[in-house]
Amino acid sequence: MSRGAAIAAPRRGFVHALRELRRAFNTNITSWIGLGVFLAIVLFAVLAPVIAPFDPYEQHIIDRLKGPDATYWFGTDAFGRDILSRLLHGARYSLVIGSVATVSAMIIGSAIGIVSGYVGGRVDLAVMQVMDVLMSFPSLIMGLMIVAVLGPSMGNLIFAIALTAIAPFARIARAPTIVIKQRDFIEACRALGFSDLRIMVVHILPNVMAEILVLGTLWLATSIRVEASLSFIGLGLKPPIPSWGGMVREGFEVILDSAWLSIFPSLAILLIIFALNMLGDGLRDAVDPKLRGGE
Amino acid sequence: MIRYVVKRLLFAIPTLLAVLTIVFVIVRIVPGDPAQTILGDQASQEALENLRRRLGVDKPIAVQYIDFMQGALLGNWGESMVTGRPVLTEVWAVLPHTVDLTVAAILLGALIGVPLGTWSALHRNAPIDYATRIVSLLGLSFPAFVSGILLLLAFAIELRWFPVISAGKLDNPVDRVRNLVLPAINLGIIMAAYVTRVTRSSMLEVLGEDYIRTARAKGVPNRAVVWRHSLRNALIPVVTVVGLYLGILIGNSVLTEIVFNRPGLGKLIVSALNQRDYTMLQGLMVVYAFLIVVVNLVTDLTYGFIDPRVKHG
Amino acid sequence: MNRMLFGALALGAALAAHPVLAQKTVLNIGMASADAGKLDPHLSATTPDKALFNFMFNGLVRFKPGSMNPETIEPDLAEKWTSSEDGKTWNFSIRRGVQCHHNYGEITSADIVYSLQRAADPKRSGFSSDFKDFDKVEAVDANTVRITLKNAVPSLLGLLTNYHGGNIVCKKAAEEMGENFVKKPIGTGPFMFGQYAPKESVTLVAHKGYFRGAPKLERIVYRYIPSDASRDLAYTSGEIDMLYGKGEQVWVERMRKLDNTIVDVFEPAEMAVLYLNTKMKPLDDIRVRQALGHALNINEVVQFKGAAVARAAKSVVPIGYLGFTDDVPLLKHDPARAKALLAEAGYPNGLTVKAIHTSLPGMLSTIQVVQQQWRRSGINLDLEIVEHATFHAEIRKDKSAIVQYQAARFPIADTYLTQFFHSSAIVGTPTAVTNFTHCNDADAEIVAARSEPDPVKQKALWKTAQQKLMTKVCALPIYENMLVWARRANFDFGIKLEGSLNLGPVVNELSHFK
């Protein structure tokens, strides 16, 4: 059920892509673990306003820099704010920025890739050259630059991160498109007078869906990492918003006295990225025939 | 071989132009009027016009583009608005630190990653393979500032083995090494994670190839097969990782420099950001653009030398 | 290969553990700044730069080292002085044989005249407004300088100390180098400029020909380490011997626990004030400004900073300055009143105020406490955080509705009132200093007090000025923070450090390691 199989059965569409992914799952237990951890984090984030023990912004000056105890499970920061509550609320920002950026890049990138591959010729060459160049630019440096000139708002962060992720999606969507467009059934579709748009959306897109979704998972991890890194550098959301990278930055200032301030958000960042990488890696193993192919 | 080199060199030129164009777009077009950004909205018209003239942004955009490209290509990368020194001078001053860090990290990554990846591939699907894959996945999940902080806590704060600030004098070799160890380990383990994975998969590919199968069928021991091809296979993943993950390497080195308070390109760019030194930022972007194109060229050429098949591909 | 790596690790460990044995003559200082600013004593007013000028420059007179009490002012480059009856004409006899750094020659009255004129020139100085009452400065002969004033000023000697525009630069060097003077500032003090490594350090070397004798220290390495944690760690690991401290209780307590360490808490207290731009919306409405004041909980901020280092501010003039009064309408903490005032002003659902703020950790933490206090009353403070030097540049362009400024000045009410509240000091104007508020309500009293010969009447004028400014809510005083530094116990300043107007410790020819 590799790419070959998908191409042989072009009309099964999205259902088929999903089935392919599900099959991939069964082959790899780490995918399950990754998915489980990720969904747990999403759940915590969604429920943050309900389950967080404190208002993430409220300062308890008397209780500042308290180590983990029965009241403040993960301790408090320099302003006496509850770290656990800030972590729970911070997850929302990480997830929203990461996923909106990734999904936008996924949509734009795939569209560019499919169209470029479908049109072919010089246009394709030029587009791919631009994509290669875009891809070679370090995402952190690019993000840094864009946020620096535009200012650190949520929209700008998403824009900066999405921009660096477009090229990989374009690339991965283009390759199978080129193979598929030469197949007989596409010719047949053309002969029947189907529009190019319809051919691309109905017949090509489903065949590249699996790869795009796998890459999407991996890029979600990257997006979250870039967002955290920008926040750590000081280009993230402004205080007092509890972004994880920003929390590590604040904690780093008092690392001598109160290491937990930087440790807990650091571990949270690591956990979500690791979970997404496990998920994406397992999926990729299943979808990529080269890695799966026997010796 | 010469034809291949020439072809690659020629190919690098449009790439460089394209990268520089992207830099131009980001620094000149995205922020609107740079003079306004620099001076603020209360600035007098006169001051704005003076600065525009100084920055050359009063000209039509096409002229600006040509000026920018000309400056970038001729090595005129501008001057810092804060210190007034040429970007190149500033870069030159910190470059040894960044080179030290990067080279040490790549070496460390290769020393750990290549044997581990090979080992993992040879024990495919054995518990040791799974363990290696999970650990390497964990390794590449670390943003460099997270691993850096954990290392700093353990080895500089708790155990006090290493200095916390890594800005040693370059002329003192002992200091230089001592300051390098922790940051290099930090960047090195992340590199090792990537190298392990790439080694593993390329090793699997090699083991599946015809001539290896033939060698094995002829009764050549597995170990001999691995050894015979190990040198080449050791280099390819390292080169691949450097080429493919250059962006991640650069990003992580920036974060490493911040955590360990180590001078370098990364710290330069971050302080330029904080000080709103736009000309410095633009100059550094040009530096990065050159860096990217050169590293890509070098990795391509290295491929050509290590793996003769690439030339025909 | 592995053995090599372990070898390197072991070597590193051994080196890190090795103690310094020889008697030290190099003082390593860690400063909370990313980089040097403009290294010209007449241009830069930032704390990191001023602390450095402290080691390099002399004035005509000086505070007794380690003190900032105006009564201790003593001769420095001037050996003695006389003044006329009306206090408008002053003659200073310049000390002979004082050498400029780097062989720029002996200092004469020409240098003094040049330096004071330079400090009074807005094109070349950031402190020109301090000298606006100067009529002329002239050389009577090679060793006598005459200063003629347009009218008497509250403290002429204060202006002529080794502080801000009073720092004397060497004429030949300044003329020769022009704008490049910032790259190699030349004065007459115990230490002279050695080299500058961008974003890393400034190295000063001993000025062997210093007129009070060759310094006992060979060198001072002034390192820029913006991160508090990194600076603390650098001290703990022995890389630096003295460091700028976070003015916070926890820091003081932790440092005091360390071996071989002395924490110096000294004057002046820097007063943190929120200056409110009374011309910018929505702060042009006094009810909004009052709401900000009522929403503010000063005691909580003091608690946050810690009683060992902080005290509540009482007026727009710092406590203890000549002319200070606490008989002013200070807005009480009253969130309900704040909300009511906002509703009255047309913001029943709260409002957002934008401000540009420095990333300097001590100030940033203060504003975050304030931010949360305001948030409780429905005021959203939207901060744009920039590096400290940038912050200073931006706020002087009149770009921020609220400016948190921490400062200490020459300890008489006139300096503070003139620089922060007189209309001539309004930012964005040609005579700008640091009036971010656009208030001009106390202009008359400020001017009258300057030349008022009767001390009682003078104090009454300053009191009225403070009352007017507080009533109009031009600014919200928050707290006063003492300066905190820490050093190795075996480093001896050679003087008793109780105060330092330049905001940094006094390191001079007497300072040494024991």
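Read from first to last, the chains carry the letters A, B and C; within each, the first residue is number 1.
By our rule, contacts are C-beta pairs under 8 Å (C-beta built on N, C-alpha and C of every residue); 3 or more make two chains touch, one makes a residue touch a chain.
These figures come from a predicted structure and were not determined experimentally.
Novice: Using C-alpha centres only, name the chain that sits farthest from chain C.
Specialist: Comparing chain centres, A lies farthest from chain C.
Novice: Which chain lies at the heart of the structure, taking centres as C-alpha averages?
Specialist: Chain B is the most central one.
Novice: Hey, how far is the Cα centre of chain B from the one of chain C, in Å?
Specialist: 41
Novice: From the mean C-alpha coordinate of chain A to that of chain C, what's the distance rounded to whole Å?
Specialist: Spacing between the chain centres: roughly 47 Å.
Novice: Could you put a whole-Å number on the gap between the CA centroids of chain A and chain B?
Specialist: 22
Novice: What are the residues of chain A that contact at least two other chains?
Specialist: 234, 252, 255-256
Novice: Which chain C residues sit where two or more other chains touch them?
Specialist: 227, 233, 236, 359
Novice: What parts of chain B, by residue number, touch at least two of the other chains?
Specialist: 157, 274
Novice: Write out the stretch or stretches of chain A touching chain B in their complex.
Specialist: 30, 129-130, 132-142, 144-146, 148-150, 221, 225-226, 228-229, 232-235, 245, 248, 252, 255-256, 259, 262-263, 266, 269-270, 273-274, 277-278, 281, 290-291, 293, 295
Novice: Name, in rising order, each residue of chain C that touches chain B in their complex.
Specialist: These residues of chain C touch chain B: 1-2, 5, 8-9, 11-13, 15-17, 34-35, 197-200, 225, 227, 230, 233-234, 236-237, 239, 359, 386-387, 389-390, 394, 397-399, 428.
Novice: Taking the touch rule as given, give the residues of chain B at its contact with chain C in the complex, in rising order.
Specialist: My answer: residues 39-43, 82-83, 85, 90, 93, 108, 111, 156-157, 160-165, 167, 174, 177-178, 181, 261, 263, 267-268, 271, 274-276.
Novice: If we count contacts the way the header does, which residues on chain A are in touch with chain C in the complex?
Specialist: 57-59, 61-62, 64-65, 78-79, 151, 234, 238-240, 252-257
Novice: Which positions of chain B touch chain A when the two form their complex?
Specialist: 14-15, 18-19, 22, 26-27, 30-31, 37, 124, 133-134, 137-138, 140-146, 149-150, 152-153, 157, 201, 204-205, 207-208, 246-248, 250-251, 254-255, 258-259, 269-270, 273-274, 281, 285, 288, 292-293, 296
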